[in-house]
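Residue numbering begins at 1 within each chain, and the chains themselves are lettered A, B and C in the order written.
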Amino acid sequence: MKKIVALLTDFGWDDNYVGIIKGVILNINSNLQVVDICHSINPQNIIQGALRLKSAYSYFPKKTVFLCVVDPGVGSKREAVILKTKDYFFVAPDNGLLSLVVDEHSPKEIYTITNRRYFIEPLSCTFHGRDILAPVAAHIASGVPLHRFGKRKEALKKIALPKVIVDHKKQCLQGQIIDIDRFGNCITNLTEKDLAVIKRKVSLKFKGYTVSRIASSYAEAEEDQPLVIVGSRGYLEISVNNGSAAKKFNLRIGTPIKVLPKDSLNLLDKRDI
Amino acid sequence: MKKIVALLTDFGWDDNYVGIIKGVILNINSNLQVVDICHSINPQNIIQGALRLKSAYSYFPKKTVFLCVVDPGVGSKREAVILKTKDYFFVAPDNGLLSLVVDEHSPKEIYTITNRRYFIEPLSCTFHGRDILAPVAAHIASGVPLHRFGKRKEALKKIALPKVIVDHKKQCLQGQIIDIDRFGNCITNLTEKDLAVIKRKVSLKFKGYTVSRIASSYAEAEEDQPLVIVGSRGYLEISVNNGSAAKKFNLRIGTPIKVLPKDSLNLLDKRDI
Amino acid sequence: MKKIVALLTDFGWDDNYVGIIKGVILNINSNLQVVDICHSINPQNIIQGALRLKSAYSYFPKKTVFLCVVDPGVGSKREAVILKTKDYFFVAPDNGLLSLVVDEHSPKEIYTITNRRYFIEPLSCTFHGRDILAPVAAHIASGVPLHRFGKRKEALKKIALPKVIVDHKKQCLQGQIIDIDRFGNCITNLTEKDLAVIKRKVSLKFKGYTVSRIASSYAEAEEDQPLVIVGSRGYLEISVNNGSAAKKFNLRIGTPIKVLPKDSLNLLDKRDI
């Protein structure tokens, strides 16, 4: 069985940083399989990195080593760490990037990375992905025991994610858009479980627009018409059939989304669609 | 010999969809080699997907499994299918994406994909690339016989491609631009064979401009000057030496292209270049 | 040990050219590992290609075959060549793309590529990356001896790179920006060694701005404030902590950079930051 190192970074596709990281990994063990998960995390956006890692990692084979680099603090005092869960290994700066993994699977072991024997020297100030994290990931995938890289550590830094606010009295929820994909689908932080709070049929409201169609395929809406659908990550998404919801409604990451019982809609709202 | 799964999708490079698909494939068989053909098909553009698949697939090793996902009808009643040709396997939604493959190689076998045993559950509404097509492609590449995935089927859905119109009397052809690449080369749907209809030397006319130089290298035109060349896909392409034809002449996919005998050009046309 | 073919091209990620090249390579030997270094070299920009190759190749395993395609002269009389250095093989058009490799490692052997037995026929006019360079790279990685591909050759074409100008009298240096990355870091052609000429502390001056902070991590500057740092390629880079220096100061490839002793700064310069 081939050992896999999977990469998630904010390095983008235009520079040669990802290519260099692959060179470093294969130079340590050319039998490893290096796989790209995503390199287009918005620069230094740890929350987006954590979300995209969460929606991807569990599809990979057990024992996969995830090399995660969204690292605004590179070269400063922030630590680099290894997280071992039941099924996987993660190598990352300790800045919250692994928060959502830890939410789902309590850590089996955590190590700081301090053993310079595994680093590429001379160490750069700006590219620890190349000089520290990539070689460590390659060595883990090649079977080096974790205690060789540094000392045990109790917990990882956590970051706060946008939370869903529940108003039980008014039976309404307040969420927001947390990601937007290439098709203009707007991923919210609302799940079906959240909706269960409101026992009646619901509508989503944003920027003065209201969408009441909760669909089970894009084709249920007319061409260029909006719908809400449970997306592939389990979150509610605002979409437009054969079009871009982000463009049509000018939505962005952070745009607030309100969920209301369908019958509570303001009857005077003329922009209902 | 390593088994290959080659990917052609409209998922783009910015999201983690392609990465997730690779995780699914390698989770089924980590010895497979996953190769990217193209992920930048314009969203839901089946014709462009069919064209780019056509110009690429025959360069791959025999037995390659092509996983093709341009799927505006995901979650609706459209079927997912397996096509077996003499040399290759294709897994795709049945929406015309494989039209040009079937034009070149008549199907040996076609199957619908219905056996949920090979699906990832719970099935999402929006990402059958991950939940159905990717696992099926991985299982085919791993040797699972095709009849296990569903029932035989006689024919695939076809889509109509922009055709070349021939005016034998006036000895002229009417084609169009069907793709534009990174360099601004504008690929037409005209081939050398089409030109043979006109026995004399020809000119290409578009948007009031005329290009008469049919070149055999970009360097035959002066810097920043236009030429027509038989491109790597066998189609005539409008190019600019060390520049972008698309930008210089403001050309787009769909722009009409006229081919005329060279001596028939309107002598009053002052924009000849 | 797995044999690697590493790709550096100006083909971009949007077309299927890179995918086709991978098909060609794997069709010759499906056990090769194909790795992307960079495909976003600005179209036909040989200097940028040479720089990005230089900063990446030495991280790869020995015996890696580098397939380098930035090829404005494709189809014209320019030669295609194989360069063998102590550790690596390079396959490229002979247009200066390998200049910086040769600066670091004198060639062991150079061959022209002329043996059509290894080409894909019919040869296209526009895509020798697919028809000549990719198959030759795959055959080299598979062990075919270099003399089979063509004749020995003495030297490669060189291109001139932007040089640092030293004014010993005024103790100042004149360099320029040679690359800009996704984060807006502006890579100059100045190294620490260049700075040693000036014995005192220095400032960098560009477009009327002056940056005096030579930092060892981004975090040493305040949020959104500029700094100069020795980047991962060994060159001085102008950066902004958690921001884009390119955007903030409107810098481009080619923008001149002046290095002055810190105490020589014009005291009247009010834009010092």
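Here, contacts are C-beta pairs under 8 Å (C-beta built on N, C-alpha and C of every residue); 3 or more make two chains touch, one makes a residue touch a chain.
Bear in mind the structure is a predicted one, so any value in this text is a computation, not a measurement.
Student: Between subunit A and subunit C, two touching copies, which fits better, same or different residues at the interface, with half of the numbers shared as the threshold?
Tutor: different
Student: For the two copies subunit B and subunit C, what rotation in degrees overlays their C-alpha atoms? Round to the nearest 5.
Tutor: In degrees, rounded to 5: 120.
Student: Can you work out the whole-Å distance between the CA centroids of subunit A and subunit C?
Tutor: Distance between chain centres, rounded to whole Å: 31 Å.
Student: Could you check subunit C for residues that touch two or more other chains and list them?
Tutor: Only 13 qualify.
Student: What residues on subunit B touch subunit C, complex-wise?
Tutor: 1-4, 6, 8, 13, 33, 35-40, 52, 55-57, 59-61, 64, 181-183, 185, 215-220, 229-232, 237, 239, 242, 244
Student: Would you tell me which residues of subunit A are touching subunit C in their complex?
Tutor: Interface residues on the subunit A side: 10-20, 22-24, 26-27, 30-31, 34, 43-44, 72-76, 124-127, 130-131.
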